[in-house]
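In the two complexes that follow, chain A is the common piece, with chain B as its partner first and chain C second.
Moving on, here comes the complex of A and B:
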């Protein structure tokens, strides 16, 4: 069995670690590139969203590299991504590939469901082996995310542009190679210290910006044209409303125990939107209401043709909680120059707005 | 006397604006880019130099527009600014109480919402040319009318025909259909103006509150038909500034003046001899990773001045800018 899964942020760092511990051969797709996108676009129905096209492209490239078992997110929730595995299976079969598609369904079956999937792909390894291996993978996500949170702050003020990103790349390599939770703790400490030593430009007063919106395009930098890095270059300290490790923590462990981390966000959205509209639309409205005071501006990311985020985009300007929002539609047609012009104008806008407010406060 | 130069290199036209120490307009220039941004910047600089009144010294240069980075490297810009901010600054300079800026250029269109002198929101359309000057150019050509005649002829219309304006492809077939039915040319022309305005309001300006005073700038503001259609749709008077076609250049000149006054540093302007230099542009595919980015580079006498287009900073780091 040669297992693969699409790229999503640093998913493969943890997944590879877990699979290696369990002695399962894995075939990570080559890094998502323009070729991946072209393949995905070529074999996808046009009206589907970028997440479908990129994950399909990842599967094709992994199959070319010899994968035969595909893991794909699945669920009966209100986002159509939950059914993508069915259509992708059909498309890939029509292309003549031989493989087995395993829908993950973790949002319904939680951590136990995940463990059973590993039980299946290892051909029945003992729980004593599976559980530590999975926990090691999950721990890797939380270390990466701790470092990336800091990187997103340092990028805004670093003297030499690209210094923080370079440290992040080194950290990811080290995390990927780590075999013990203990060494992960040391890696975390080492790279956070390294980031603290990055020379800073004292003249930059960073703006605080939150990146939020649809799950996949927020997490996958290829799909959002590296919006976090670009914001960093423009002097913005970036906060994300979701990280892979937060998501695994809640969906695997805390939600089954009855905790609902989204309750606060939903409650905040209630005056403007009373129900789940699918995907992450309800959350996007709630994040704006909840965090209007905490940030200079919000970047709202939405895949083209994503109905829930279109609903959110149209509701957001009507809230009385006031903070500038820039919606960026992520699509294969989106060009980087157009995105940069919008980002630059948006950063000018929020900088001048902050100055005007500071003046008014005096 | 110190003067400040703003250069706006758009996809269809290249604009120059020269401001003096009191932000009064000294000179402007409006050229067709014709797909050759470098040559047009050089040609424009030569023209500006020729017309420059004696005793004037360039104390700052700013660039804006889609080729702002390229133009910035060539002239040695002190400030490179996006066109949205530049247009907003220029509109505020002309009319401090402005609340809405409508800008329709050759290949893109924008709306900028301003409240109490601060930009609060903006919208921009770059993917679709249906709501822009190129659309009008193209349709005028079809009707055998010069773009200069377009506006005055459209104003003669008594009963404008409704033309589908969502997409240039539909608009064109609809227009041919209306011609074959025997509608008068001026009615079709004004119908096109209404279609463009409808398209603009339904796409770029969707969901935005367009409060007066409204300033209309960009090359398309030359067309009185569009001005009237916009006024009818918005039910308000629209202000078209006297130099509406060079507002982006004026905006970036204002910004560079502000910047130079704040820093007190000398300008990095390369001088007017830039117009005589032979720049070399080329591109290659980076093979460092599977992404195969197309890198564009600008060089002078075999020395690379700048590189663009990579997803990572590999090539930007190795350039000298």
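Moving on, here comes the complex of A and C:
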């Protein structure tokens, strides 16, 4: 069995380690690239959202590299995503690939479901082996995310552009190789210190920007054309409402803290959107209402044809909590120059707005 | 007397008799917005954000046309109509979306229907809707029962007599069977695309005039739907999977020479479901399939050309099989 799964942020950093620990051979898809995208676009129906196309592209490239068992998220209540694996399986079969597809009902069975999947792909390894291996993988995500949160702050003020990103890359390599929880703790400490020492430009007054929207395009930098890095270059301190480890915690465990935060967001959205609309549309409206005061601007990421986010996009302009929002529609047509022009105009706008407010406050 | 406005869009085609009966039994008057026209579409398109799918834009246009004509606009939020079968996000967000897009709309009468939550919750939702008109719980209950009956009758009538919603709801002429058809085709898709003749450029009428007998999803027996669904997707996941995948799969193997799928551009579920039907058609080989993508820019001429090409292809195919 040669297992693969699509890329999603740093998913593979943890997954590879876990599978290795368990002695399962894994075939990570080659890093998502223009080729991945064009393969995905070529074999997908036109109107499907970008997550479908990119994950399909990942699968094709992994199959070319010899994978034979595909893991794919599934389950009800997750919008179209729950139905992706069916069509992807058909498309790949029609292309002539031989493989087995395992749909992961992540949100339903939580951690137990996850453990059982590992039991299955290891051909029945003992729980004593599986549990620590899975926990180690999950721990890796939270360390990466701790470091990335800091990176997103430093990027706005670093003197040498790209310094923080470089440290992040080094950290990820180290985390991928770590085999013990305590070495992860050391790695975390070491790289956070390193980030603290990055020389800063004291003249920059960073703007605070939140990146939010649909789960996949928020998490996967290829799909949003590295929007966080670009915002950093423009002097914006980026906060994200979602990190991979938040999601794993929330989907695999009943995390009481995560639950509370979600409820807070939902409650904030209530006056404008009374119910969950699938995907992350409810959260998008809620984040705007809840954090209008905390940020200079919000970047709302939505895949083209994404139904929940289109609802949010229709509703957000009407909230009385006021903060500038830039909706970026992510699809294969989105090009870097176009996005940069829009980002620059937006950052200009929120900078002027902030100055005007500061003046008014004096 | 209270007047309730019902937009002639989206779920109107499936549930109008039910809603009408319910409100009438409770002593309210019902008005329906006029059929979609250029102005309805233009209103909807200018108000909703560009990425919104055509049917939702059309819906907003209908709400605008009800301004001044009623005391309330009825906009249900339908989460599920069967156990573990989900609706498109747009239907869940519809009341709030309408409020945001048409702020001057008459007050919105909303109810959340979620069959997945069980009978009790369903009854409670219906009761809290009915209570606005009558404080007598028995009366509400009776109204709900008659409404359900009206719905059952409506569905049964279409299925047994081979009628489309338009024929039942608007008394459109029953087909003149003696006129003779030279071809049978099925048209599948969401009712709000198949039956809105402005949006689909009079597709059904055009086919009928051209001597094509048209079959629609409502005419497929339940067993046929279930079987086709099981074949293609296994368990149902979307509410309208039946009218697209189920009906499509059924017609690919029964009664007709070709299937035309009508889809909305930018509709998430459609792109997924039609692809499955198309792949199935390729596998079966016997029956031709074509999908028509509709949006506000769809030109009548383009649609006609594609339709003609499709009909030609079917004719040629037939001749080949006849000779072979």
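Just so we're on the same page, the second predicted complex is superposed on the first by the 354 of 362 C-alpha atoms of A that agree within 3 Å, B and C clash if a C-alpha of one lies under 4 Å from a C-alpha of the other, contacts with A are read in each partner's own complex, and residues count from 1 in each chain.
Criterion: contacts are C-beta pairs under 8 Å (C-beta built on N, C-alpha and C of every residue); 3 or more make two chains touch, one makes a residue touch a chain.
The model shown is predicted, which means the values in this text are computed figures rather than measured ones.
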Q.
Looking at A:290 after the superposition, I want to know if it touches chain B, chain C, both of them or none. Which is it: first, second, both, neither?
A. neither
Q: Go through the superposed model and pick first if A:349 touches only chain B, second if only chain C, both, or neither.
A: first
Q: Using the superposition on chain A described above, determine whether A:34 touches chain B (first), chain C (second), both, or neither.
A: first
Q: Considering only the touch criterion stated at the top, classify A:86 as touching first (chain B), second (chain C), both, or neither.
A: second
Q: Determine, under the contact definition given at the top, whether A:192 touches first (chain B), second (chain C), both, or neither.
A: neither
Q: Could you say whether A:125 touches chain B, chain C, both of them, or neither, answering first, second, both or neither?
A: neither
Q: May I ask you to decide whether A:341 touches chain B, chain C, both, or neither, giving the answer as first, second, both or neither?
A: first
Q: Once the structures are superposed on A, label A:162 by its partner contacts, choosing first (chain B), second (chain C), both or neither.
A: first
Q) Between chain B (first) and chain C (second), which does A:226 come into contact with in this model arrangement: first, second, both, or neither? A) first
Q: Would you mind checking which one, chain B or chain C, touches more residues on chain A?
A: C
Q) For chain A, which residues lie in the overlap of the chain B contacts and the chain C contacts? A) 314, 317
Q. Once bound in the complex, which stretches of chain A touch chain C?
A. 45-49, 76-77, 79-80, 82-83, 86-87, 90-91, 94, 272-279, 281, 302, 304-308, 310-311, 313-315, 317-318, 329
Q. Can you name the residues of chain B that touch chain A in the complex?
A. 66, 81-85, 116-122, 124, 126-127, 207, 289-293, 311, 313, 317
Q | Partner chain A, residues of chain C touching it in the complex | A | 48-49, 51-53, 77, 79, 84, 86, 88-90, 92-93, 95-97, 99-101, 103, 112, 233-234, 237-238, 263, 265-272, 274-276, 279, 293
Q. Inside the complex, what are the residues of chain A that reach chain B?
A. 30-31, 33-35, 161-162, 165, 226, 314, 317, 324, 333, 335, 337-338, 340-342, 344-346, 348-349, 352-353, 356
